[in-house]
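Note that chain A is present in both complexes that follow, paired respectively with chain B and with chain C.
For the complex of A and B:
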């Protein structure tokens, strides 16, 4: 009886040992698999950000969740935080999330080019964007579309060729906001600064450009100069 | 009664004169602030003077004339008020400025055309480029990513049909495993030659040969050749393409005797064919490069331009070698 009991005990012990060994092995496997998956997801998110940045379109949270398999609300913050670190360390890009439209991300270049080196990003679209933003700010924050088309026409940028760029691309890139004038027939739009323009450009640099055009110091722009100073102080405080 | 009345009138006149004197002193002391366009204290001073005069007239006889000294002080106060108001109007005119988009555009056209000494009413291609250059420093966009192996494309790629492979019957003889070697650039077929990576590697090789010849066939500094001070991603790509050339024996990497830094030299075709693969691949360079190291290298070597021009990759024109 005792032998059987002992044999029974002996047979149950290895099986229990096997079970516990299997449990340990599976526990060891799971964290490693999770770590690998996290790194893969971070890499995919980084690549998605870099590709979307070529077109300057903001990246939406929902798009990231759909694109990267395995991404969930639980691990989203961790993955974004890791991606932010890699983007900063490797590429020198800051990942910025807009407060107003939560879930929209853009990349901001932190590496400032030295003045003696030539710029590679010379393009007509940048000029049109800067001129439009200048016109909006110098009109105290809001300008009608007719004035903008007239201005571009005088400068040699035909409105029919660039209307889509201003009303579609720049709006999608969050540089410009459009407000339809109520009860206007045909419908007319007003342009205002977008969230991205507020981050990438300062009022003082717009005034510095206007000062060159008007041939007067920036301080003589009155209320606009006061606005620019206020914004400067607010940025320093942040 | 009359005496008392006269005494009260006299006191009233004295009070009025003191108040007017006070107003004049306030105007002298606070002159600068009162000229501010938004300051309403001036209006209050005028109202106060009116009030003093009205009270003085009410308090006395109906036919009573204003005291001479009081009238004199009143005039001085009003002159002062008029001067300050005049200055205020000047400041208001200086601070007001109206923006007109058409005027803004015309000024830009005039400014750009002044240097070209042209009287055109619009911008031409040359002046547009000048305006682009003027505005460009305000932009600090992220450098676009160029996927090294073309992993992601936005265009539809047509699927190539694979030809069905005919299976050969198994032989009973033992098949000796052949020694495999990585695919060499010399054995690249026409299809591969047209691929982007092969094109870039060919271009890099041509740049390196030019630099090598310009340097009297002496080894070139590795970092001077691959580093692009304007783009970190271009520098990484250049290192990647040069690694292909080193692996396949077209380029040799060595240590510079003077400072221990890596240097590149072009391997002679005859020499390459006679040397065995193992003897070529003995030397290797392992490096890690981050943004800060890249900046430090560019600064230390005082690089102002890239030896490999990324824009010329798609054209047949090559950049002039820097070693002249």
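For the complex of A and C:
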């Protein structure tokens, strides 16, 4: 990637000579160059978000800063804001930032795809994700790994084929959290919802999915239905 | 600002960057709930490209070297840092991919057997045969490569997005002298050696535009591995088979060549 004169040729003391000079060539070039570079940086950030979104991996602020030379704390906010506007206007993605401090982002899809347009959401991995999230939800937010493997097995998903997906990919994608049960021998894990699952899916959605699996209307899920209703009301209030 | 339908189509293309013209017509119909033909599809692509400019992405089209159908691909218009930092392939997989590309472009047939691809794992550290099979599946899935009857070749997406890389892998790689697009699956004039696409030279009724000699047939005697025109004619037609230019119809529909008036249109 070649850049025309990336050095800042600005003269720091605006001498009288410079000010009275007409159209100093390097001064004319310089603002235009900065704009080109900024646009290019925005394009890179947009592409980075789009590519990471396909893998559903969160984007870390530090990785964006290291992406292209010229990104600094100063222009970071501007660039992110432009990328955010573009991603929403053109693709229908909402840029969501977790945790001001550590700064990582995901894209949330706002676009409803027509039914006859097949989409990534219909993949097997997504089904397994929903099954896992449902299992956790139905277990009041925390479930042991063996129960999850059993459930998947019964439904035809062999645990040995999908263990990496659940314990590795879903965790990296912030969909689920795992923690080792202290003093468990052999070591066993508990699963809970990850922060991405919390913002991307509503409890109602997951409950509706579970309802289909169990053949039982969502309203009959007692306390869990109440939780889902509460969440809806809280969202509306915001 | 994109309309809902444009957003839907762009989202689709993010996950399936390579689509045929027929696919694109179906996508249009799904999004706009009505049939779109010719001009509407062109307008759609034009409007999407305007929207994609700030991201340095674009939708380009090219005729497939196998069946001469038009394909569209959402590609990167620059060699971006973002793409470099987010490679979907491991280093070992990328080694295999580079090898496959090199084999493909250095061959006349523009293909390499899938068995050879798998066996190449012996020469790539940290790549077992199983890994190689998985990698090949990845390449097919992500629409960089095609496989037909055990032969692996480049998709239109690869031709459009990877051209600089392909040219680096083989110095002899040229554009077809008729349509001026990269010719990976090529035939050479037996007299002057100029390279063309089968469809392009068939359209000119096998008369070489460089030396003006008329070829006897498309069959190239010097490369026995190449499928001859008569062989392809005798294949039963199925969706994946190449549409063979029939001399009776005067060749192929859409204009690869601007050099001669097409009496079939």
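By our rule, the second predicted complex is superposed on the first by the 194 of 238 C-alpha atoms of A that agree within 3 Å, B and C clash if a C-alpha of one lies under 4 Å from a C-alpha of the other, contacts with A are read in each partner's own complex, and residues count from 1 in each chain.
The rule we apply is simple: contacts are C-beta pairs under 8 Å (C-beta built on N, C-alpha and C of every residue); 3 or more make two chains touch, one makes a residue touch a chain.
The shown structure was predicted, so the numbers you read here are calculated from the model rather than taken from an experiment.
**Student:** Record, for the superposition on chain A, whether partners chain B and chain C clash or fit.
**Tutor:** Once chain A is superposed (C-alpha atoms), there is a clash between chain B and chain C.
**Student:** Looking at A:212 after the superposition, I want to know if it touches chain B, chain C, both of them or none. Which is it: first, second, both, neither?
**Tutor:** The answer is first: A:212 touches chain B but not chain C.
**Student:** Just chain B (first), just chain C (second), both, or neither: which does A:54 touch?
**Tutor:** Touch partners of A:54: chain B and chain C.
**Student:** Figure out whether A:86 sits in contact with chain B (first) or chain C (second), or with both, or with neither.
**Tutor:** second
**Student:** Could you tell me if A:111 is touching chain B, chain C, both of them or neither one (first, second, both, neither)?
**Tutor:** Both partners, chain B and chain C.
**Student:** Report for A:127: first if it touches chain B alone, second if chain C alone, otherwise both or neither.
**Tutor:** first
**Student:** Per the contact definition in the header, classify A:150: touching chain B only (first), chain C only (second), both, or neither.
**Tutor:** First partner only, chain B.
**Student:** Is the number of chain A residues in contact higher for chain B or for chain C?
**Tutor:** Of chain B and chain C, B contacts more residues of chain A.
**Student:** With both structures aligned on chain A, tell me which stretch of chain C collides with chain B: 22-30, 130-138, 202-210 or 220-228.
**Tutor:** Among 22-30, 130-138, 202-210 or 220-228, only one stretch of chain C overlaps chain B, namely 22-30.
**Student:** What part of chain A is shared between its chain B contacts and its chain C contacts?
**Tutor:** Dual-contact residues (chain A): 47, 50-51, 53-54, 89-92, 109, 111, 113, 116-117, 119-120.
**Student:** Which part of chain C faces chain A closely enough to touch in the complex?
**Tutor:** 1-2, 4, 6-8, 10-12, 14-15, 27, 30-31, 33, 51-52, 54-57, 76, 78-83, 85-86, 88
**Student:** Across the complex, what residues on chain A touch chain B?
**Tutor:** 47, 50-51, 53-54, 56, 89-93, 107-109, 111-113, 115-124, 126-127, 130-131, 134-135, 138-140, 143, 147-148, 150-152, 154-156, 200-201, 205, 209-210, 212-214, 220-224
**Student:** Help me check something: in the complex, which residues belonging to chain A touch chain C?
**Tutor:** 1, 39-40, 42-48, 50-55, 63, 67-68, 86, 89-92, 109, 111, 113-114, 116-117, 119-120
**Student:** Provide the residue numbers of chain B that touch chain A in the complex, in ascending order.
**Tutor:** 94-97, 99, 101-102, 104-109, 111, 121-124, 128-129, 131-145, 152, 229-233, 290-291, 304-305
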